[in-house]
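So that you can tell them apart, the chains are marked A, B and C in the order they are listed, and the count of residues begins at 1 in each.
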Amino acid sequence: MGQVAWKGMFLSLFDYKTEKYVIAKNKKVGILFRIVQLSILAYLVGWVFVVKKGYQDSDTSIQSSVITKLKGVAYTNTSELGERLWDVVDYVIPPQGENVFFVVTNLIVTPNQRQGTCTESYGIPDAVCSKNSDCPEGEPVAAGNGVKTGRCLKTGAVNMTGTCEIFAWCPVEKKKKPKTPILGKAENFTVYIKNSIRFPKFNFSKTNILDTDNDSFLKTCRFSEDDHYCPIFHLGKIVSWAGSNFQDIAVEGGVIGIQIEWNCDLDKDASECHPHYSFTRLDNKFTEKSVSSGYNFRYAKYYRDVNGTDYRTMIKAYGIRFDILVNGKAGKFNIIPTIINIGSGLALMGAGAFFCDLVLLYLIKKSNFYRDKKFEEVKSSTKKPIQVSVNGQKKSNSLDTLDQLKHLQSVET
Amino acid sequence: MGQVAWKGMFLSLFDYKTEKYVIAKNKKVGILFRIVQLSILAYLVGWVFVVKKGYQDSDTSIQSSVITKLKGVAYTNTSELGERLWDVVDYVIPPQGENVFFVVTNLIVTPNQRQGTCTESYGIPDAVCSKNSDCPEGEPVAAGNGVKTGRCLKTGAVNMTGTCEIFAWCPVEKKKKPKTPILGKAENFTVYIKNSIRFPKFNFSKTNILDTDNDSFLKTCRFSEDDHYCPIFHLGKIVSWAGSNFQDIAVEGGVIGIQIEWNCDLDKDASECHPHYSFTRLDNKFTEKSVSSGYNFRYAKYYRDVNGTDYRTMIKAYGIRFDILVNGKAGKFNIIPTIINIGSGLALMGAGAFFCDLVLLYLIKKSNFYRDKKFEEVKSSTKKPIQVSVNGQKKSNSLDTLDQLKHLQSVET
Amino acid sequence: MGQVAWKGMFLSLFDYKTEKYVIAKNKKVGILFRIVQLSILAYLVGWVFVVKKGYQDSDTSIQSSVITKLKGVAYTNTSELGERLWDVVDYVIPPQGENVFFVVTNLIVTPNQRQGTCTESYGIPDAVCSKNSDCPEGEPVAAGNGVKTGRCLKTGAVNMTGTCEIFAWCPVEKKKKPKTPILGKAENFTVYIKNSIRFPKFNFSKTNILDTDNDSFLKTCRFSEDDHYCPIFHLGKIVSWAGSNFQDIAVEGGVIGIQIEWNCDLDKDASECHPHYSFTRLDNKFTEKSVSSGYNFRYAKYYRDVNGTDYRTMIKAYGIRFDILVNGKAGKFNIIPTIINIGSGLALMGAGAFFCDLVLLYLIKKSNFYRDKKFEEVKSSTKKPIQVSVNGQKKSNSLDTLDQLKHLQSVET
């Protein structure tokens, strides 16, 4: 190609190509299309931009640190334990003050357990026996507390059934738990929850504690619907906000979730970014089966006597586990998601046009007419075209005609 | 502008503009385009809608609560510990029954450690000495158990190397661990895993426990491939499902992950939403380096003797840590994602058309012809147009020609 | 319809319809459009494909297991505790070596607490009294250590205010903590962090430990900027990398986050997938309020004396909690996201064209001209069309003219 041809090609790169449109003077479809356009625009502006804040870049990888500290003491006077005062160190497990903590509300204490032989707890099917051979030596009792020693202990002389003797931590635990929770007063304990968060992408930090000069505020306030910046929660209220009753849950135990949600619009002032608390019961309280309701676990305190023998106090603790779950999202204006959302909104308009085209071309009365106008048939000349003979020349139809006509005119003149 | 003009403009708002299409009677490209369209449609229907359920709004912020409880006892008789029965309180750490629990399978016990001076454990490079000045007083032994007292203790009279004396919890731990796990019987222990989940967006709750009236089911069943609603797992089987052998892992320790996945289609019945369990070994078992294989930690039980002096039993516990990881997703029909997915699928068709255009306009034999048909050149008349002289008149090319021709005809006739 | 008509309809299915374009020979808009196209292309290639790796299918559900082990001993000699050596078992809580661990750096020890009566700690507002009736029996002291016994204890004979007597673990804790941390030497302790990860979707596993034959490497190395594959960290350096000073944080306590990020491109070799560490202080160190700064908790060791009475040593431990947070993402080439991203990029071009159209049709001088060319008005024939009289025939305007002209020519010749 010559230099001129190359230049022409290069220049033609900067010709702007734009779709040719047919204006269909059909008000029905026109109005329909405007409605579709408006809907998409409303969706784009209302949903994508206002509700979903599509103009923002977001950071959901929140870094969170939770520190909890309980306060409160309770005095109990039971026949088993005598006078006893319970303080934080006694009733919070584990003591570290992390985002999961457990408060003892009820307990079965089995003191002075030592390794030795005793009768298995009554009522365990696998330990029921009538003769020694029912208790093969060394076999563990299924769902029991020890291994069988080979002896069947009978309580009555002519009694037909007895219970296997076992080697275990003796004596074994009694099955009864108090019906009123021993530590029901835990309802009045308070927990201080300190939650510091950070959004690394935007280098934004905040805590859930009011930045106040009033020191006594943090000592006397209580979290409530009105006071969202006081981080001190009344345990009984947490449970009631989660839809349960503290004295009920205290008997069998349960799991309460405390959700802290940070939804920060960093285009606004940092002080507009607030924590939102919600409280739910995480274990399914509706399950009434004895085997699967509530929350409890066993632990022991180990001692050693003067002779060097270990003994322990085993405690079956019923109580409430509080799980603090922090999640959050921060958004800040960014040009890239803005463009992408506008772009894909406009692309959606294409889909709207496609739908209206269907109506125009196939569903209305004059569809045929519009179809002819919209679609222009062309065929390459080697295939048999509809021909028009002009001055003995063969011409392909449609736009080619133009060139031919131009030629014709110049010839004629 | 006059009132009429305004009215005209307003009415023209409701004219429907639709792209003008050229129908290329080229079967090859036509078929290609239909194939592309069908592919996109298949992708949209098959992948986006059927597989990915693109018509659903989804909630991935699952709220989960896990309660675990182990059952089982084991009897051991070793020279060091004598006859001993291990129950849940002894071998589960921590006792709380959360989503991470550790089962002791092997241990090195160092009883009666007291603060005092003794020989550092043999074989620690930093504690090897030949004279007292090799053990500077007060300097901690690197990777050792205490601080040097300044004395070098030699076992033989003419021995050239000795070991530093240290101030530490004495005696120090012996390095040997039993080659067969002391608590190998832990393989037969069972763990009851209760998992309650909730999808807050749809307010949907479920547990992994079969809602049955048959109480004894939960006492006798074992989880297996066939019985996915029994929440009681045999520890040995969990390890074997994770691809390891319990007796192997029991010697050195390890970490097993129990994943519970909830993938709920809430358009179906709630009973169709099942938990799916999978088991993997989380620590890299292929690492054979002594320093980095297995899982163990040290803890101690602290006692106080009659004189008020503290002493402790230190235990190096090898065992298996089970991590229960719950994740899930719930989906429910929602009109907005449905529309968005249909819209973007249609937009994708535009991309398909673009591709076919490339073929039509540049890659086939008659590309030139179709290019001329598809693109119609216009130039505003002030710029110098390619002119065709008809009856001495100057005319711009292309569509303008039409108007000119019309004029021409009427003049001629 | 006849068979021929059906066949025609079927064949017309394979006609390729392509938008008719108008080439506007306007260099300004043309260049503008090319710039827009290039921007979108640059965005698509540069941002979507190179930076965001849009051609990859990604897995963010990383399975991670963390095992930590501290090393180091410290010797202290205080008036309260006497000579004492602290080893790992003493200063790490909890001992299990999970992803969250706490190192004691400072402590207040209250030994030999027994249940009994004593004076409440001085300075608690609720325990200030002037007469016995100020201390109602059985009422817990708000933010105090026990329940009031009903007696007001006065230190001076004529002193107007005294302090209530309480039933509690006596004696109560003294409020003073050492200003220099008792375990300041913890700065030199090291922690070995083993992190095994797995991306289940791609079945890819890796650990943060260099796969080396040199065993001594793991015993002597220390993590540093240059040595990212050594998993042994110096506690003091972790704190300084997080922007704090160890001796400062050791007094009051704090929370340090250790983030391990795995960003793996699985199209490259597995050895290219490295862990990236970052260290941040998670509790807000800028909060200077006494009530909300630092990190501490209380725990106790329980003992039993020869008479069977429980007593305990309560420890208020200040220290540093380390939270190891693992997150990651793996990507691998996949055809579906590639197609989707290319498609939506092209769809975005449509948005660019829309923008240029606005410029061409409304913002430049010759907008009117281009508007006429782009939009072709059609009206169904029942409505009154703009007519051109040629040889007495009525013709609708625009392309229809062509057909008429063809007719005309053949008539004329």
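As a working rule, contacts are C-beta pairs under 8 Å (C-beta built on N, C-alpha and C of every residue); 3 or more make two chains touch, one makes a residue touch a chain.
Small disclaimer: the values here were computed from a predicted structure and weren't measured.
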| item | value |
| --- | --- |
| Touching both chain A and chain B (chains) | C |
| Copy pair chain A, chain C: interface residue numbering same or different (half cut) | different |
| C-alpha-based rotation, chain B on chain C, 0 to 180 degrees, nearest 5 | 120 |
| Cα-centroid distance, chain A relative to chain C, in whole angstrom | 14 |
| Multi-chain contact residues (two or more partners), chain A | 15, 17, 19-26, 94, 303, 306, 344, 347, 350, 370, 373, 375-377, 398-399, 402, 405 |
| Chain C-facing residues of chain B, complex | 15, 17, 19-27, 29-34, 43, 47, 93-94, 100, 102, 115, 138, 140-141, 143-147, 167-169, 255, 257, 259, 280, 282-284, 287, 289-292, 295, 297-300, 302-304, 306, 312, 314, 321, 323, 325, 327, 344, 347-348, 350-351, 353-354, 356-357, 360, 370, 373-383, 399, 402, 405-406, 409-410, 413 |
| Chain B to chain A touching residues, read off their complex | 11, 13-26, 61, 63-65, 67, 69, 71-75, 83-85, 87-90, 94-98, 188, 194, 196, 198, 200, 205, 207, 209, 211, 215, 218-219, 301, 303, 306, 336, 339-340, 342-344, 346-347, 350, 366, 369-370, 372-373, 375-377, 388-391, 397-398, 401-402, 405, 408 |
